[in-house]
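In the two complexes below, chain A is the common chain; its partner is chain B in one and chain C in the other.
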Partner chain A sequence: MARVGRAIIFPGLLLLLLVSVALATAVGPVHIPLSNIFKALLLPIPFLGPLVGEPPGWVITVVWRLRLPVAAMALFVGAGLSVSGAAMQGLFRNPLVDPFIIGISAGGAFGWVLALTLTRDLEGVPIYAVRALFSFIFSLLAVIGAYTVAKAGGRLSLNNLLLAGIAVSATLTSVTQVIIYMFSETPSQLIFSLMGSCSNSLWEEVAIVAPVVLVGTAVLMALSRDINALSFGEDDARGLGVNVERSKAAVLGLSCLVSAVSIPFCGMIGFVGLIVPHAARRLLGPDNMTLLPASALLGASFLVLCDLISRSALDITLPLGMVTGVLGGGFFLYLLAVKRRVPA
Partner chain B sequence: MEPIGHSPQRWMKVTVVSLLLSMMTISVLCAGCLNDDEDGVRYKDDMGDTITLHYEPMRIVTLSPALTEIVFLLGKGDRICGRDSACNYPAEVEDILIVSTWQGPDLERLTHLEPDLVLMDRTLDQSGETYNGIKGLGIPVYRVYPRSVADILKNIEDIGNLLGAESVANKVVEGLKSRTDAVTEGVAAIEASRRPMVLHVVYYDGTSDPWTATGSTFSGDLIVMAGGSNAVSDTGGMYVQVPVERLISSDPDIILTSQSGTWPTLSRSTILSDPSWRDITAVKNGRVYDVEGDWMDRPGPRCIEGLELVNELVMNVTGGG
Partner chain C sequence: MIRASGLRAGYSSDILVLDGVDLNVRRGELLGIMGPNGSGKTTLLRCLYGSILPFKGVVELDGCDIGTLPSKDVARRIAVVPQETEPGFDFRVGEVVTMGRYPWMGWWRGGRNGHAAAVTEALERIGIPHLRDRPMSELSGGERRLVYIARSLAQSTQALLLDEPTRGLDVRHALSIMITLKRLCRDEGLAVVAVLHDLDTALRYCDRAILLKDGGVVSRGVPEDVLSPENISTAFGVSSSIHRFEGRMHLEVLG
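Now for the complex of A and B:
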């Protein structure tokens, strides 16, 4: 792509994100006049807030307690999943890889359902923290399990890791289903929760996810030279002076961390980590230095918009994972069709 | 406070006041709409959480069909401003705005209604996410957690207290209690060994094993209270599929199939037309009955109708009624 074209891509992506967040704040299941939205947004600002006047109390609640934290959560989760997908596709040299394929989501779902079943009659903030922690720990345990199997020979075989990850995922998913089937009073609700959703996000939860995603993305960007080298093949990377085993472990660990942090709060939001990097690659090419931040921005906008659609398109809330699947799937097919006509 | 003059400090004062105002707004936001004064009346819900009400709730949201039924029974149905989509009784609920589905409530729609009380059932919110979400918005929320018929009677009394309908609640509960007492007295007269075995089929369409209610469900409890013994009482889980051959070997005397106007099933006709069920005592003796699912599975006041119905069917078998 021409240099001028590239120069406007990052400002364009930033603008897209800004518009997405603005839309997610302005639109929702309940119609609120724009003037009231502005009043609610300006309210905490000294001078300006009292000057424009105060909207009805429920509008303040909807804007500051419901729409904004949900948009913020979708933003960081979308960014995290996409960065993680981009890095892993580069690492595995496989366009079909996404952060969920090696067991992160199945592990997280298993941990959450297990903790929920064990603590069914308990309540309170510490219990919720324990459930979130269980979910996070089992995401990582699932990957570590697959990693250990794949590393049996001393060197990590990425193909084996893929296969082991798929086996771990399938096993854990089935065990999760058994637990839900045997012990849940409201299985449909649990299954819905696992389908992924950013709704009911709290600022406190955003405060946990955001730093992990931001720092993780920054460190992965710092490693982008290694990922670039690895995407030519391990031997070439070694020839270029990359410490292959250490880089593989670092990129894998960071990718897992950045995507696993969303699962305790948002469940399994499929497809984002798979397709957003492909779209970003179409815009900017395969250099991970630019691909990773572009994926983050594009993924953030994509999930904010998908969440908006899931909340507002129909009278009922559509599961977010369904919206990302339908929209993402269609868009992916379009990309594939275009790619065939214009070789990249 | 000094009158605002034209002194140079005036703008300082305005700044401080507006800063304070915005901080106050934020802190009011954080603390929720309800201040915890001493004058409010405190109530403890089924989960042991306290809510404080400063006045009788006039705008109520009910997040389960059973709770909607209870509020209507207490004569306060006109105060319900939002409900769950599963509410179908009494007929007046049709006109009330839906704010929640089986997925949980839409908090934005709920907030928009500005309710002064939300009633919800802990059973439908295992993870506590809904409760925390609503409570976090500063809306007073009260939870019930009924596990038995006795719990339901207590729910009616408690909600009567919340809504300022104590005397109606007492009268209603007295009436319901005399009916359950009549049932339990009759049941006490049946020897344990003579209690008929009752199977509750929630759903069966012949394409896979029947979904049954085990002893750990509300209807499982109701069956025992009505004088029956549950055919799948020793099975783990709540609503589970049980192989037909196991049902044949446990040989129930009565089979109840859930039926509902909103979700009609063909369970009964499927059982009657399936040859593998033919030798089960209940089928041989023509004791397969469609029962109103909302009486059996819904922890609301009409469970007493379900109790009396099952009791009558049990008494027919034991010859006691």
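Now for the complex of A and C:
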């Protein structure tokens, strides 16, 4: 696949995102005619809104209170996971890395299960809030643990961070499984919830995730040259004027924050951060200045569509992480099969 | 321009790679670093641009301790062509050479036109403008070498540090790189430090030379003296002779 001009790619990705969001708002348990969907979507736009007319009140409620926050959540979570994956792959010079691999996901799952187990017999505890807090804190604690080990001796060794992250993940995953096995009365339900979901998202939650993702993406883009230089190795990056230790810590911290912010609200949605950057790299090449925003847009569309599929493919709502795994895994295999140029 | 004194350096505190090395390179001068494998040449180069800090001793860049300078300031004055560098991803030649402009770019890559001109000039100077849109993975080892040299020129510095600049290059390219380096010294007053394995090349192009062995200096001075048969024998354990042919000195390794 040739790298196509940026001039076409970015408007194309934006269009894809708009269409994905429109689709996501159009599909749901209650059938709403497309004309009414568009009327509801265009309603707040000056001039255009009044021009197309107002849909029935219940349509506005369904679109704006139920479906759009879910689509918006999927959008920002997908963008955040993808941007952090792209940045981490550049930093580690390794196309198989994303923040989940170095502990975010295992830590999040541990906190999630721990919170549910601890609050099980307590009355009047806001379980949802405790779960959100625990999963977020433990996801970051897991990475901080791995980071501390890898930083021993002064300089941060990225190789050791990767190994330590995998070790921390393996340990926490085992402990999580023990907790589920010993204490959970509904293990299958719990395991389902661990695989992530954007349904039931509220605007209040989107308002927390969105700024973190937007600011994080902007700062990572400002660091894109450092990431480019670091993908030639630390010695070379230093020769190009990169403050190596500071940049590594900044890229790592931002990547982890941008992906961990989704965990309290949506759980562990795997695979997005791993595969979306690959697809974006095929479109635009490895320059992080364009790769990061392209990954954000592509990842946003991907997760909005995956969420749509998870809600509408079967009679039950599938866990989002299951859909991203199946679709993403399949797409990834396809990319590997058709690729000519080795990205690494 | 770059002055190193009393360098003791290594990668773990119990093994010293450099043990008391002094070095001074002035503007307009091509300094060759020679020595057998493992004698500390690359480590010395790394110390000179602050990629590793010596345990003892100091590297001064225009009189300032390099350890106290921000890395960006160093990169505006010293460009580096590392020995072997493998990009993690498949960048294009133009993108790689543009990275030489990074130390000069503002927060959002301001002044694109000036940077593009510097990149074009660097590519033309090394004779590879036709490679600009090629991915690095499709280039030969020698062509990649040329790309990194072009990148270092795009960096518009007053000093160049090159680790085996001619390795993997065919005779024509090797010759033209050495002539380019020589011109940069003479005409534009750059300070150039190059690790060279080809002693004959060193003899022919270097203004001064420094010969290392086991992290220490065997000899320093004009190449003809540094590469004397006695010194070559001490450093490499081989016999050699320098002879003149058609007005030019040649170094022949005898065995």
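Going forward, the second predicted complex is superposed on the first by the 299 of 344 C-alpha atoms of A that agree within 3 Å, B and C clash if a C-alpha of one lies under 4 Å from a C-alpha of the other, contacts with A are read in each partner's own complex, and residues count from 1 in each chain.
Note that contacts are C-beta pairs under 8 Å (C-beta built on N, C-alpha and C of every residue); 3 or more make two chains touch, one makes a residue touch a chain.
Since the structure is predicted, the reported quantities are computational estimates derived from the model, not experimental observations.
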Can A:Glu123 be said to touch chain B (first), chain C (second), both, or neither?
first
Look at A:Pro50 in the shared chain and tell me whether it touches chain B only, chain C only, both, or neither; answer first, second, both or neither.
first
For A:Gly233, select first, second, both or neither according to whether it touches chain B, chain C, the two together, or no partner.
second
Considering only the touch criterion stated at the top, classify A:Ser184 as touching first (chain B), second (chain C), both, or neither.
first
Looking at A:Val62, would you say it contacts chain B, chain C, both, or neither? Reply first, second, both or neither.
first
Mind working out whether A:Val149 is in touch with chain B, chain C, both or neither, as first, second, both or neither?
neither
By the touch definition at the top of the document, which applies to A:Arg93: first (chain B), second (chain C), both, or neither?
second
For A:Leu141, is the partner it touches chain B (first), chain C (second), both, or none of the two (neither)?
neither
Tell me which touches more residues of chain A here: chain C or chain B.
B
Would you tell me which residues of chain A are touching chain C in their complex?
90, 92-95, 222, 225, 228-229, 231-233, 235-236, 238-244, 281, 285-287, 289, 341-344
Using the touch rule from the top, collect the residues of chain B that touch chain A in their complex.
15, 18-19, 21-22, 25-26, 29, 33, 47, 101-104, 106-109, 111-112, 114, 123-124, 126-130, 132-133, 136-138, 236-238, 240
Which residues of chain A touch chain B in their complex?
28-30, 43-47, 49-50, 54, 57-58, 60-62, 64-67, 116, 120, 123, 127-128, 131, 181-186, 188-190, 192-193, 199-200, 202, 311, 316-317, 319
Can you name the residues of chain C that touch chain A in the complex?
46, 49-51, 70-76, 78-80, 82, 85-92, 95, 99-100, 102-103, 105, 107-109, 135, 137, 155, 161
